[in-house]
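One chain, chain A, appears in both complexes that follow, with chain B as partner in the first and chain C in the second.
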Partner chain A sequence: MSAYNANWSLMTPEIVLMILALVIFTLDFMTGMSRNKPFLGRLSILSLLATTVLVAVFNRETGQIGDMFVVDGFAMVLKIVILLGVAGVIAISMYYVDRHRDVYQGEYYSLLLFATLGAMLMVSSADLITLFVGLELLSISAYCLAGFKKYNGKSTEAAIKYVVLGGTASAFILYGMSFVYGLTGTTSLVDINEAVPTLFADYPYIMTMAIMFMIAGFGFKISVVPFHMWAPDVYEGAPTPVTSFLSVVSKIAGFGIVLRVFFVGFESVYDEWAFIFALLAAITMIVGNMIAIVQRKVKRLMAFSGVAQAGYLLVPVATMVSLDMTMSMITFYAVAYLLMTLGAFAIITLVTEDTEDDALTSFSGLYQRAPYLAIAMTIFLLSLAGLPITAGFFGKFYIFVGAIQAEMLWLAVIMIFTSIVSFFYYFGIMKQMFMRDPKPNDDQTLSVPKPVSAVVTISLVGTIGFGLLANVLTNYFNNLQWFF
Partner chain B sequence: MIQNAWLIPVFPLIAFVVLLLFGRVLREKAAYVGITALALSFIFAVAVLFERIGGETYTFVVDWITFGESTVTMGYEVTPLNAMMLIVVTLVSLVVHIFSRDYMHEDDRIHVFYSYLGLFSFSMLGLVLAPNILQLFIFWELVGLCSFLLVGFWYYKPEAASAAKKAFLTTRVGDVGLLIGIVLLFNATGSFEYADAFAAVEAGLISDTMVTVIALCIFLGAVGKSAQFPLHVWLPDAMEGPTPVSALIHAATMVAAGVYLVGVMYPFFLASDTALTIVAYVGAITAIFAATIALVNHDIKRILAYSTISQLGFMMLALGTAGYVAGLFHLMTHAFFKALLFLGAGSVIYGVHHRQDIREMGGLWRRMKVTSVTFLIGALAIAGIFPLAGFWSKEEIFASVLANGDPFLFAIALITAFMTAFYMFRLFFKAFTGEFRGDHEPHENNGFMTLPLIVLGILAVVAGFVNAPFTGHALEGFLTEGIAVGEQAHGGFGLAVVSLLIAIGGIFLAWVIYGKRSISEDFLPGKFRAAHRLLMNKYFMDELYTVVFVRPCVGIGKALYAIDRFIVDGIVNLLAVVTRSVGSGLGKRQTGQFQTYGVVTIIGGIAVVALAFMLRGYFG
Partner chain C sequence: MELDLYFSNYTYVIIFVLFGVALPVVSLTFGRLLRPKNPYDDKLSTYESGIKPTGEAQIRFHVAYYIVAIEFIIFDIETVFLYPWAVSLGQLGWVGLNAMLIFILILALGLGYSWKKRVLEWN
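After this line comes the complex of A and B, so read on.
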């Protein structure tokens, strides 16, 4: 097969998104330096929605381009999740950049779109090289975005830390991959999967080392303990919509490649690495939840909450009974996580911007200032903590049932006990919203801009809807062919 | 009518939605929305009960979620047990709705209060109607959430806010057990339906150990919700909520959900002797433990709260000694007379201008006639005086414990009954007789507050008749129909006399000390100073939990956070230092001397080759 007879139509959504991103980039040049450009935001959202439709149309059939780029159920679902997530992030950003004239608008949106492109490439690649290119496209865009408030010390510090530590993580991944390539002579995940059982028998140490290096590097991208330490600083320093991008889109895409690499590339040696993930999941849930208790700033709290959530998502990776069930659990929780986290961040952005303060106390009296937001936030938090009748409850329950079926009782018990701890800190925010009076110098009512309220409403409907009618998603997932 | 049982929880839900949308407009009229909804629910519940008495269990389910190969259903079910519960919940909720109209009318947020009450009633009724244990769990969590909202209703009181949080988090510990039990049950049977679980046990599909483990996990949920030892600590603090809430949630309905859960899963518990014994012992320990604390407390609501814990312990004790009907019968009678006592306490608190300390009351008998008489009826009922409701149900419990044959449990039951009579009448004599010791002259309240007291007062008298010998133990026949719960024990005339004498003994001692004052109040505490101090401090359980759980959790969090900060800042700073020093170091190397370059190159080359050899394994 050559480049001429490959089925390029499979890549239609990616190609279209790239062109649209370049158009937006160019439009920005043409419209001057310092103007407020809300149309770029709207255009970006439209581009993302158009791409989502294309994904739904062109990725329905499975297919591949020379073992490099694959389209399958897994790629399609994650792409839709990512695209809608970024659309939400942009809706929040439009409010944010309106208030911050030091954030230069055009580059901001096009960087977000390029990052999205990287994420789409990541979840669709069946080859270590394509995968790495996608990862770096996402990461480098994200480094820039983290430091987007150029004149703000914290933002710059966040970007520097993110670049240095993120670069180290990429180095780890590459180092691990180079061992794999050296031993197998191929970068194709399917071929690797065939070769690894014998290699594990012959070179157990080198193979284990290679896997460990990759886990360390990927662990950084999805912020699991002990590779999570960048998260609080970067989350705090980055502009809040970018924080939501990092915690939602970047993390889900990161999970995408973890699943792709390990369930396609190393599936044949599942027993060799499953236990490592079980341990990581356990310490991630414990450490993430414990540290979150003592946080006093909402963005740092959400960073550790996100660490803990990554721990829950790792549980099914470590407790596979059947691949279909595991994928169904993780994807369901990913959807729930997208909805509740994005909704929460929309409100956090609004509140922290309005009060110009990111301490937990910025939420005080929110119920009196904006009852709808306070109730919505409560539901997102309850969903994150895992209370019925939310999508978060059902997702956790599903994972929990899976862990028990795999007879990993200890992991299931850790999961459920750490989730009680999480009530402790989520209640901290609820207490501020309902049980404190508004601060005297805040406005008595908080006006909610339309894009933010749209994100909140959609997330709210999804969070409750998928909690009540989880069947809609699980039935669909049960009939999906996950991997090509 | 029974097909429309689903409407019973829907009415309060509608009230909740209406008040959420129009509460601000309705303000005080919100009370009527709630009252109407609950009145409708009550009427439907009565109709459903009557239809169920003559008819059969009605189940309506639809498929909800597919879990691998098994399907989870949702719907509703009317069994004898939950038909009875529907009456208890709707009736108590209705009278509490009526009572709150005046009790809460000074509060600006009365519409919010009524909307929470509606949400709670919906959740509690949903819990009762649930046809499978997963659906029960969902409503189980919802009632917990409502309890949180209502306990923290006066959030501007710091005690209320922290009590709300404590209540929620403590019961969560039990809920974890319940969730683990549910999932283990699902893993063992592939279903969440009650019937499937019982069938699997009967067919011997689950190993004995597993049955015990699952039963105990489920029981842990009941321990949290029904405030059994050692998770009882939240209930006394929950008294920071408005008094009608205490009557509804923390006396009659939600806290009884744990007992109800054990009742619903009873065939499962019967399959494991170990589990039953543990249930019995936890119940017995809770009963006596809480009763001793109630002996010395001075807060009218807290005394009642400890009394509730103790009585819930009694119900567990009954269930643990194979007294299925006895436990659930006591659940029903207790709901009526304890709601009566709490509303009576609410009426008193309102009458004496929001004082709760019984040392500041006294002499209310002449000033608040209706409240006093109904309170006396409630106190007599809980003490177990013939022929009031408590007498019949308590006597059944004694019979069940006696038939079980464990003398230790029987002794605890008798001692606790004595204490119950004593502390209730200590409260009664101190608050209602003697001279008034407060500073605001108390007054009787009007109809909206006294009517519920009269209704509950009548029930506290007659509710016991439904399972009395002269009605042929009608309730027993109804509840045991169609399920295998074993033979139910009955006491004879002798046991009735013993239980009556114990109650009278307790009341007499209370009268001697607090009524007639022949013995000084300070005599016994002075005699047993250490014991008194222990009881005044509630056995130091709160302090113990703070030291054992709360502080270590926060401590570990802080320590981990410090390590985190140290490492991440360490890495970044180290990189900066290394880069800088390497930079300046390299600068020194670039001295322009060819020899030095050469040496560096060779050393570097050797290092690279050595590294390559090492990795190839030639040296290792």
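After this line comes the complex of A and C, so read on.
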């Protein structure tokens, strides 16, 4: 099928979001030099919600545009997750930029929207080139966002580290892709999948090297050990809403391409690469959880917690019994991860901004200052730790059962033990909230601005809702056609 | 086997690298053996198009240079895209025309942005 008579309506959500992002970008520079433009934030949230509706309407049926762009169940679910995640990030940002008047809001919101567009393109790509273009659109916007506190040394340091290491990771991905292209002669993932079995038989070392290069690059984007070293510094230095963007949207989109490349492009040689992911998952869970224990700053703690969560998400990749089951496990956990991490970051943003301190002790006495936030944070932390009646528990439980079904007992055991270790540092935050008195300099009651409380409430309802009614989501996922 | 062809194509690259290394090494070595060696001050000084350097080479450039350089690269790349597009416009038809118009529109918005944000002013 030629790209010229393709069914372009499949791309409607992306096209509309691109136009809306350009409109917001243009509105910003046409309305004067002022930095404070809150209407652009509201407009951005509306654009994202409108795009979410369009995804639900136009991506319901599967299809593709000339081997480059594909719409299927996987793309639809991840796009909705990404769009709602960014809407939450923007809601948190509206509180943040209100306190930091030196942020150019128009640039901030339009960069977030362009990054979203890149993420949508990534999860929808059926071709290495489309995939890389989407990845770079997301990454370059994220580099700029990480350094948005221009006159803050840590933010600048974060941006520089992120751009240098991120560029290196992109180079690794491209180098691996160039090997694959050189051997197969195609960039289309479906064609690659057909060509790789014989290539693996003839040239096992070059193919393994190509795959290792790509895993190294993708591993950076989803912050998997040993490619995670950027995460704590960048998370700490970047503005807190941007940190939530990196840890939620960027990571889920990164997983999107890992799954797309490996389960569409290299599915036929699953046995060749599954073990690499099993090892990565194991060391990621161990190292992420162990280092998180000694963290004294809440954003660094969340960075290592995010590393550990990436490890849990890699377990089903390495322990596939049936593709549909694996996809529904990972996607369920991605939804749970979105809800609990976004909710936690909304509260972290509020607390660290209010106390102007990002140490764990900034949470001291939160139960007395804002009981609702303290209880909500407890639920999110329980979900991250994987305790019952939360979505995080069921996500982890499915992954655990999947690992046992695949007879990867050692991986399941590591997952359980590292989860127990994670209770320790998540309970450290709870101890601050409930068992310490508020610091004398802080206000005795913490007022919660509307956008933040909206994000917290929606995430809370989702976390508990999918914890109680997990089968609603899993039934829907089980009947989905994941890949076109 | 197709793949042997893939690797044998690199033979040219290896030959090219060998020649590239050998040429300066051989010619400079022979030159050294053949020429008389008699350096004096006038001979070593800069001549023809050169001038004597003043100050340090590693100074801080004005940040506006970088911004202008970025602007330049964007429109330089646009030109690179426009040439092959213009040559093959006959085959691309209306789809190709629309695609390039969208591309130019996005770049024009970027130019408008830097204009309004006074990037193009040098003060």
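Rule of thumb we're sticking to: the second predicted complex is superposed on the first by the 480 of 484 C-alpha atoms of A that agree within 3 Å, B and C clash if a C-alpha of one lies under 4 Å from a C-alpha of the other, contacts with A are read in each partner's own complex, and residues count from 1 in each chain.
We take it that contacts are C-beta pairs under 8 Å (C-beta built on N, C-alpha and C of every residue); 3 or more make two chains touch, one makes a residue touch a chain.
All values derive from a computational prediction rather than experimental measurement.
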- Classify the contacts of A:26 with the two partner chains as first (chain B alone), second (chain C alone), both, or neither. second
- Task: Kindly classify A:471 by the partners it touches after superposition: chain B alone (first), chain C alone (second), both, or neither?
- Result: first
- Query: Who touches more of chain A, chain B or chain C?
  - Reply: B
- Item | Touching partner for A:435 - first (chain B), second (chain C), both, neither | first
- Look at A:183 in the shared chain and tell me whether it touches chain B only, chain C only, both, or neither; answer first, second, both or neither. second
- After lining up the shared chain so the two structures overlap, which partner does A:377 touch, if you call chain B first and chain C second: first, second, both or neither? neither
- Query: After lining up the shared chain so the two structures overlap, which partner does A:202 touch, if you call chain B first and chain C second: first, second, both or neither?
  - Reply: second
- Give every residue of chain C touching chain A within the complex, in rising order. 1, 3, 6, 93, 95, 106, 109, 112-113, 116-117
- So, in the complex, the side of chain B touching chain A is made of residues 63-68, 137-138, 141-142, 145, 152, 155-156, 161, 165, 168-169, 172-173, 176, 179-180, 183-184, 186-187, 553-554, 556-558, 560-561, 564, 567-568, 571-572, 575
- Could you pull out which chain A residues touch chain B in their complex? 160-161, 164-165, 229-230, 232-233, 287, 290-295, 325, 382, 387-389, 393-394, 397-398, 400-401, 404-405, 412-413, 416-417, 420-421, 423-424, 427, 431, 434-437, 470-471, 474-475, 478
- Item | Contacting residues of chain A [partner chain C, same complex] | 3-4, 22, 25-26, 29-30, 33, 182-183, 202-203
